[in-house]
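Here is the structure we will look at.
Read from first to last, the chains carry the letters A, B, C, D and E; within each, the first residue is number 1.
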Amino acid sequence: MKYLYYPGCSLKSSGKLYEISLLAVLKRLGVEVEELENWNCCGATNYMSINESYAIEITARNLAIAERMVGIEMIVPCAACFMGFLKTQKYMESDPVTREKVNDLLNKAGLSYTGKVKIRHPLDVLVNHLGTDALAKTAEMPLKGIKVASYYGCQLIRPYATFDDQWNPHTMDDIARAMGATPVDWPLKSRCCSGSMTSTMTGIGLRMNYVILKEAKSRGADVIITACPLCQFNLECFQGKISRKLKEDVRIPVMYFTQLMGLAMGIPAKQLGLKQMLSPSLVLT
Amino acid sequence: MSTIENSNKDWSPRIIAFFCNWCTYTASDLAGVSRLRYAPTTRVIRVMCSGRIDPEFVIEAFTQGADGILIGGCHPGDCHYSEGNYKCLRRYHLLQRVIGQMGIDQRRLRLEWISASEGKRLQEVVNEMTETLRQLGPSPIKEVVQTVIK
Amino acid sequence: MPINDEARVGFYICHCGHNIANMVDVTSVAEYAAKLPNVVLSRDYKYMCSDPGQEMILKDAEVFKLNRIVVASCSPLLHENTFRNATAKAGINQFYFQMVNIRENASWVHEDKELATVKAKDLVRAAISRVVFHKALEKKKVPVNPDVLIVGGGISGISAALNIANAGKKVYLVEKDPTIGGYMAKFDKTFPTLDCAACILTPKMSAVLKHPGITLMSYSEVAAVEGYVGNYQVKVTRKPRYIIEEKCVGCFACIDACIFKEAKFSDEFNEGLSKRKPVYIPFPQATPQVVLIDDKTCIHFKTGKCPQSCAKACDRNAFDFDQKPVTQELEVGTILLCTGFQPFDAARAPYYGYGRYPNVYTSLEVERLVNASGPTGGNVVLRDKTRPKSIGIIHCVGSRDEKTNKWCSRVCCMYSLKLAHLLKEHTDAEIYNFYIDMRTPGKGYEEFYDKLLNEGVHFIRGRVAEVSDWAINEHEKGKLVIRAEDTLIGMVRRIPVDMVVLAVGIEPGKDAQDIRRVFNISCSNEGFFLERHPKLAPVETFTDGIFIAGACQGPKDIPDSVAQAGAAAAQALALIDSGFVELEPNTAFINEELCCGCQVCINLCPYHAITFDETKSVSHINEAICKGCGTCVAACGSGAITQNLFEDQQILSEIYGLLVE
Amino acid sequence: MAQDKPKLKLAVYWGAACGGCCVSVLDVHEKLLDILAHADLVFWPIALDIKYQDVEQMPDQSIDITLFNGAVRNSENEHMAHVLRRKSRILVAYGSCAYLGGIPGLANFYTKEEVFRRVYEESESLDNPQKIHPLPENEVTEGHLHIPSFYNDVLTLAQVVDVDYFIPGCPPQSERLVEVFMDIVNGSDLPLKGSVIGASSKVQCDECKRKKSDKKGITRFYRPWEVTDDGMTCLNEQGILCMGPATRAGCGVRCVEGNAPCRGCYGPLDGIGDAGTRILSAIASMLDGKEPEEINRAIDSIVDPAGTFYRFSLPGSKLRRKVS
Amino acid sequence: MNASSSDILTQGLTVKLEADLDKNFGETIAREAHGEKLFGCIQCGNCSAACPLSVWMDYTPRKVIAMVRAGFKQEVLSNRTVWLCASCYQCTVECPKGIKITDVMYALKREAIENKVYPKNFPVPILARTFFNEVKRTGRINEIFLLTIYYLRYNIFKMLGYASLGMKLFMKRRLSLFEKGMSDKKEFKAMLNQ
């Protein structure tokens, strides 16, 4: 089993721990990945705000390269990149004007995209391809008694993704369960974390993260797991500041789901980047 | 020469449409009642069932100058005469092969299942087919048939 | 193309007021037609279907010795018969007529008058070149069987059955459930008059049972329908109740005697809010008053090891555990479909928490809760037996939504108001109605809304985005929080309540598609049965002799359902009283001189109308059985089969006419 | 034999033909003597040394009957069609090629260029390194050379000149020829001009002795060598594509009698506009299957559908030739 | 100003005169947002209630849609509602009329930038613009550079608030100044510069 792999900018910087833990887990599961050559930024939400055609074009370029590398399926772990790819595919599929225009540009750069690449999120690959039974077998040190609040954020499951239930997503819960932990049912699973607003509209951004942290804690969660570098960054790195500013301790371990999996699989903490975390570390009993 | 070519508009194709009485013809009535606008390219011939459509009608229409032929019947399982549409489907697929071998672009012959309630679908199909035929341009068939090259 | 010098065609084009004339230049079409071969006369007229229009044909036929008539106007499905009759009155065989559809097929669907006119001319030319080859034919008259089949025993089916039976006709009423009554039987009060549903429905139910003209076939379904208008053969399958219906008197001794001392199984009639035993009667006033056994839960059927205490308790020996489905054949002339609707499944709107939060109810569940004969005896309590102090009623659940059902379900606003009133009355709770638009078009409906506005019920105009147990303060703790924008104020509101009522919409029954196939009728896009014309033929279908009424045709409240049932009954009676129907002579026949006996055609006929004559070694079509689809015609390698009204030459001339000036 | 009537003048000519039709005339065997008792052969290229110029110099209408076999393929064929029309009282399109185009008519699936390329450039048995194509006009050392020009379209006789009667068959049954001829000699009422003569008014199945039933339900077709024919059952019912259901009888069901499927050389019945679509529709009506995939699987087993259905009738069909 | 500004009512806070509307605004935005069906909006407010940020907006999303189609161009573009949209798509998936409200918001952002009428010194568009230029320049994003440039443009003092967090991350080796860029930027740039 081999996939192409598009890390995106975040996984190379602030989301570095996502990349190393993801790669460690995939390696353990025997899933081979090959990084997309000479990839570029997906444009994220900002490109859509400034110039939509550019946003589509630069993402299409990545798709074209994937197609050239005969990568039929490509893993995209960052929620924003993932959504951006799906959106680009959707536009190119349904809008002939966009399709032609983008292909024109691609052709001039010596590329072409015919729509063959299938974009998959690691959650999709793990749960729907490998299956939770297979995952459970790899849990050498099951996380007995650990209560996990899965936090999906927004763009991972909507509006285009189809690998999980849009209204009540469960793939991360499935994984947590396979790792021996207990998922917590809570209503804010897919509520927005404010994205980059923690840097722009700080007051609002912090407050939005506050309600998420607080609700997870009040539901008895020991840890929040995420599948998006920005969600993880916001929830983890700002929780100290939030606790100080709002005078309420909302600190709680916030990990990538891959870090949690790694723990259960017995992958050394260092290889999962657990030593580099800012939030409290998960206490294993 | 048909009247359309004599008009001063941009070229627009002529589609002979064979519609079954129960589903597609009714859908075309529904499109009318719902005032759904579509390209004025079709000329409907009503038959009781798509099973009545003789492949010869299609060839005849082509040789008389039709740019496209649209066959409309009930959805599989919904035929008013229980299975006439399947009989149409079998003839259609074999005919498609033959017209392909005859050098006729197979997009000029189209079969669509359009139920009595699908006025909207009828509108889409006619517009789509009109667009396809516009891109294909006027059918060369009539001229080829009438002009012997020695 | 061959020609026919004998034909003298009279051509007429209709303005249809402005309907045609606005988009098709009718005078230029008329002038154009006048110059076509065989055309003796060409006229345009404001309304051809009017009496003067038809008179014109009569007079012209005589003066100009016409023997063919072509009318360009609306769809033949609408007025072909009108003009055929006019043709016949003019002394011309009615099949020497051809209609050109330039309204539905041209003026109503195009925007370019020039092109629409060109199209009209092409169509007219085709009709004229076709009509020349028409042949004189006769319609076949077939008597109408006066018996009527009504499918569905809800309020529509019940009303129609009584209407028709009271007119002295025999009615078979087939109901798939063990009792008639439908959804109305579940309701407590009805809007806007608040009269009790049971009080007005149950007398009708027993009237059906007692009526000598009505044969009630409950727990039965129509398996197959054959034949045609006036002469349908229907197969009805009765499901096994395991009780001999004629013997049971409804004493319920068996239910008391059931080996299950406690009722254990979800009670369908109470929407699962109470329990019943495997042997049960759906509700006390069920009609017929006959118990039945649910073989999925009965110990006898599951293990074979039940002492059958129920059967032993029956002093009339009404039990028969070996009952099997029984199929009965009926012969009827007309059929009324009153198969109703199904409520929207609230689980399909996961954002409202149905099935996730126990205190989220559907409106039907609340109907049972407020009902004095319901599971709580009319005492409105939550699942934990506490009384709600605040209740949110969410309108349009499943309706007006592209993700679920696009249409307005028409009844939800009114029944939500009714439930608000009843809940207020029963609990004195704070009640919030969340609506998108308040729709109260009906007699006394707006007045009912006025009444509610003054009863202290809150109205918030905004679609609820979510119901959740996410509390952001003490006030919200332990409650269900409804989040909606109060659009009239422009602010988002979070309203914590104890109970949420989802006003679920109306959608086509889950078996609507199967029913449609059995009866060979059409459904509109959303899946409701399609009427022949949305305004002028609202209870007829495209299959002659089959009528529709009630919510199977579209969302409807009780008064409208009853009214439509009356209309359908009147249509059926009119057909029966006319005594006979005329059949199109569009049948096929085989020319024995050409038939080679290859038998390709025989299996193509869905009606087994074609048989092989071994002695002559030719095939033969029984025209009484032939329905005129023409599929055999296209299959004949010898060209030995001809379909009346759709002969090869007629269609080829039409093609030629369309394309060649 | 009484010689009170003057002898009829008879001509036989071949256009684009294989020669089979001429042989079929010889195949009347000793009946030829009966014919010659009543007729003089005035022109017959394969048998008599009479030149075109001789025919051109005959008075108009001086030939009583001309049997024209072969399609019109080149300027020579067309020229002689016009000459013979002028010289003959009755012009008969004799055989499938003259009647509907026949086997040479299959060239209408190609253009003249494609035919030339195949014949003069690609043919396996060819030695033509310079890829020389024939030219109608040529200067050679001996002088100006003219050869007939090759047409792009193969034509039926009736597409070139007015034809009185059609005798179908590849080749026509010799017995039929004698019957027709004797009718004319005996002065029987001649059939309507334009009729197909010497054949039946029903299709092959009428005369075919094989057992037919209403169970067609074909799921795939076989070429004759792929299955063992039971010798009794309708070939189509066994999946062997037989053109019998849409082909005029008159040959004595010869192919099927020889356990080979009918190939359609007698053409369609009167009033059938297009032979190919007629058999297409009949064959499609025998198919089984409701899913497009199933149907197409069955169709895939028909080798060259258009070539099969229009094997003898392409130039005489509605489409006449491949469009592009 | 157009003639109606002299109207006596213009001093009112809750009055809008026809002459001051941009009647094509709705059409323009609908087209920009890929033919979005915003004219099919039934003003149910679901978007507003679903939006996690609407409580901080000047106008709720529902009201924005109403204003767009009525032609309140000035008001819509110059307020901060559209810039508070975090593109979480909650409104889009919930809209009963299938309006892709998030895409409408994107279209409004682009329109605002084009018309240069977004709120002055408002951080969101500044970050967006910075991000845009960075990618255009290098093909990828280095968050340290991105944020530095952003704060330089927006408000250098605000950056101080993040200094300690930045330092912590830097110490934990979670941020670095030198990340591997694209190996070949030529064709990427060529594509964008066309």
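Following the convention adopted for this analysis, a residue touches a chain if its C-beta (ideal position, glycine included) is under 8 Å from a C-beta of that chain, and two chains touch if they have at least 3 such contacts.
None of the values given here were measured: they were computed from a predicted structure.
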Setting subunit C aside and leaving every other chain in place, which groups of chains remain linked through touching?
-> A, E | B, D
Co-neighbours of subunit D and subunit B - touch as defined | C
Comparison of B-C and C-D by number of C-beta pairs in contact, larger one | B-C
Which one of the chains is farthest from subunit E, going by Cα centres?
-> D
When you average C-alpha coordinates per chain, which one falls nearest the overall C-alpha average? Tell me, please.
-> B
What is the distance, in whole Å, between the centres of subunit D and subunit E, each centre taken as the mean of its C-alpha atoms?
-> 77
Just give me the whole-number Å value for how far the CA centre of subunit A lies from that of subunit C.
-> 49
Multi-chain touching residues of subunit A, meaning two or more other chains, are none
If you look at subunit C, which of its residues touch at least two other chains?
-> 351, 604, 631, 634-635, 652
Two or more partner chains touched - positions in subunit B = 54-56, 60, 87, 91
All pairs of touching chains, please: list them by chain label.
-> A-C, A-E, B-C, B-D, C-D, C-E
For the subunit C and subunit A complex, residues of the former touching the latter = 350-351, 468-470, 472
Contact footprint of subunit A on subunit E as seen in their complex = 34, 52-53, 56, 84, 86-90, 92-93, 100, 102, 106, 109-110, 113, 123-129, 131-132, 135-136, 139-144, 147, 150, 158, 161-162, 165, 168-169, 172-176, 179-180, 182-184, 187-188, 190-192, 194
Where on subunit C is subunit B touching in the complex?
-> 75-78, 101, 103-106, 108-112, 114-116, 118-119, 121-123, 126, 517, 520, 522-525, 530, 533-534, 542-543, 586, 604, 606, 627-631, 633-635, 643, 646, 648, 651-652, 654-656, 658-661
Okay, in this complex, where on subunit B does subunit D touch?
-> 54-56, 58-60, 62-63, 76, 86-87, 89-91, 93-95, 97-98, 101-104, 140-141, 144-145, 148-150
Would you pull the subunit D residues touching subunit B in the complex into a rising list?
-> 75, 78, 109, 112, 149, 151-153, 155, 159, 273-274, 276-278, 280-281, 283-285, 287, 289-290, 292, 295-296, 299, 302, 304-307, 309, 318-324
